């Protein structure tokens, strides 16, 4: 568990974080700080953000996801956003947002498989 | 050692440069000149910029890093920025900067491994 | 949660937007009303997301204000109408503000235009010094 | 380095920004004060970076000026306040200058808006012919 209340688990060189139902400003900032600290200290090569629980992704939350992905990329790690609900995907497209630079996977399992393949592409 | 005081080492077809704690205007310009000269004469295929020591990357330093990457790319070499400290990554994202077109790696070791894999992609 | 029992058809409820926590409360209130009104999962998500964008604008750009939730009953159709209003600085150029990517802050600038696309009816009433009022409506079963 | 001993709580120190080397000296002074005030690693980095942006602006756009470092003690909270001022040409449209990507020079245009996001309080006082003064504050432990 982290100070942001968002659990971050370690799976070898992969960090796995499960976002909660809601993503507010304060939680997001604490989580981003904690995650980048862990990427750096653990030497994580990839981060999987499990957003299965997230019911709403508005432009604010979308910005946060992109910022977290950018931060991890600057440190040299890949970020995969996994498990987006289909109403969320439909809504994001209608908002005109497409999470630039963020890789995606159907589920955490898919994300981990994708990351274990040596030839996995680096860009979403 | 180079005239810019930033050491540039050669590892086969890779040039490895270790930036210091601070990156000022004059050093940056001298370093960029020296680096592009060496990329060209050595026929380097890649450049690894080790920024492990760099404690602050403001928008000036970010511009320099992007300019060096662009310069090397124009000469046909890849550039990987390695070892960014996590407070620096957090701060850069808050500044709204993301080093476009610059590849990144967790450490120099990761960068060199990444560059030795034939299938390594070119963009982050 | 007793949220699901709060609104009968035709009823109106309102909520003050004064603090960061009110954004979450607003979302919960809209979700409860949308469930009650019988919206499907996608329609619900769209409406809550639109509300989230507008309530955040009301808080961030308008300095706070109010959300009114109105349950519309037939005739002509069942639906939900949300009114988000503030007495903030208003928007000087509303047409520009509706364009994707336009933001005077650190936002993505997709909130206003995006919210408009997510609902069936959208009315924006604003001007310099007049505050901002947005009324959005979504009908059930479309 | 004896930098770490220079500032007692409540103390004020100042530094002239006249040459390129002063940018480095300014950063060192802010770092020493931030360490002394008890900021964590991330907060320190944010504050020094914000100072670096503003001191560079003071030098590049303002033709040089002054940095004042003020150690704030409780009440209400411990913190650091930096005042960066110059008698340069000033900024004609401060709102535009705060927008990311706006630059009248060769910069990235993220300095002013970025610095604002990196601190807890930000005050910009400027106008054509009036010079530019920026006051930023960051509190310890947030």
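So that you can tell them apart, the chains are marked A, B, C and D in the order they are listed, and the count of residues begins at 1 in each.
As a convention for this text, a residue touches a chain if its C-beta (ideal position, glycine included) is under 8 Å from a C-beta of that chain, and two chains touch if they have at least 3 such contacts.
Fair warning: this is a prediction, and the values are worked out from it, not measured in the lab.
Between chain A and chain D, the least number of touch steps comes to 2.
Connectivity without chain C: the remaining chains stay one piece (groups of touching chains, all others kept in their positions). The copies chain C and chain D differ by a rotation of 80 degrees on their C-alpha atoms, rounded to the nearest 5. On a Cα centroid basis, the chain most remote from chain A in this structure is D. The geometric centre of chain C is 39 Å away from that of chain D, both derived from CA atoms.
Spacing of chain B relative to chain D, judged by their CA centroids, is 27 angstrom.
Computed centre separation for the pair chain A/chain B is 26 angstrom, with centres defined by C-alpha atoms. For chain C, the set of residues that touch two or more other chains comprises 106.
For chain B, the set of residues touching two or more other chains reads 85-86, 88, 90, 96. Contact topology of the protein chains: cyclic, one closed ring where each chain has exactly two touching partners.
Remark: the chains found to touch one another pair up as A-B, A-C, B-D, C-D. Touching chain D in their complex are the following residues of chain B: 22, 24-26, 55-60, 62-63, 85-88, 90-91, 94-97. Looking at the complex, you find that chain B touches chain A at residues 82-86, 88-90, 92-93, 98-99, 104-107, 110-111, 117, 119, 121, 123-124.
Contacts from chain C toward chain A in the complex involve residues 20, 23-24, 27, 41-42, 44-46, 48-49, 52-53, 56, 100, 107-108, 110-111, 113-114, 117-118. Those residues of chain A lying in contact with chain B across their complex are 32-33, 36-37, 39-41, 43-45, 67, 70-77, 101, 118-119, 121-123.
Note for the complex: chain C touches chain D at residues 104, 106.
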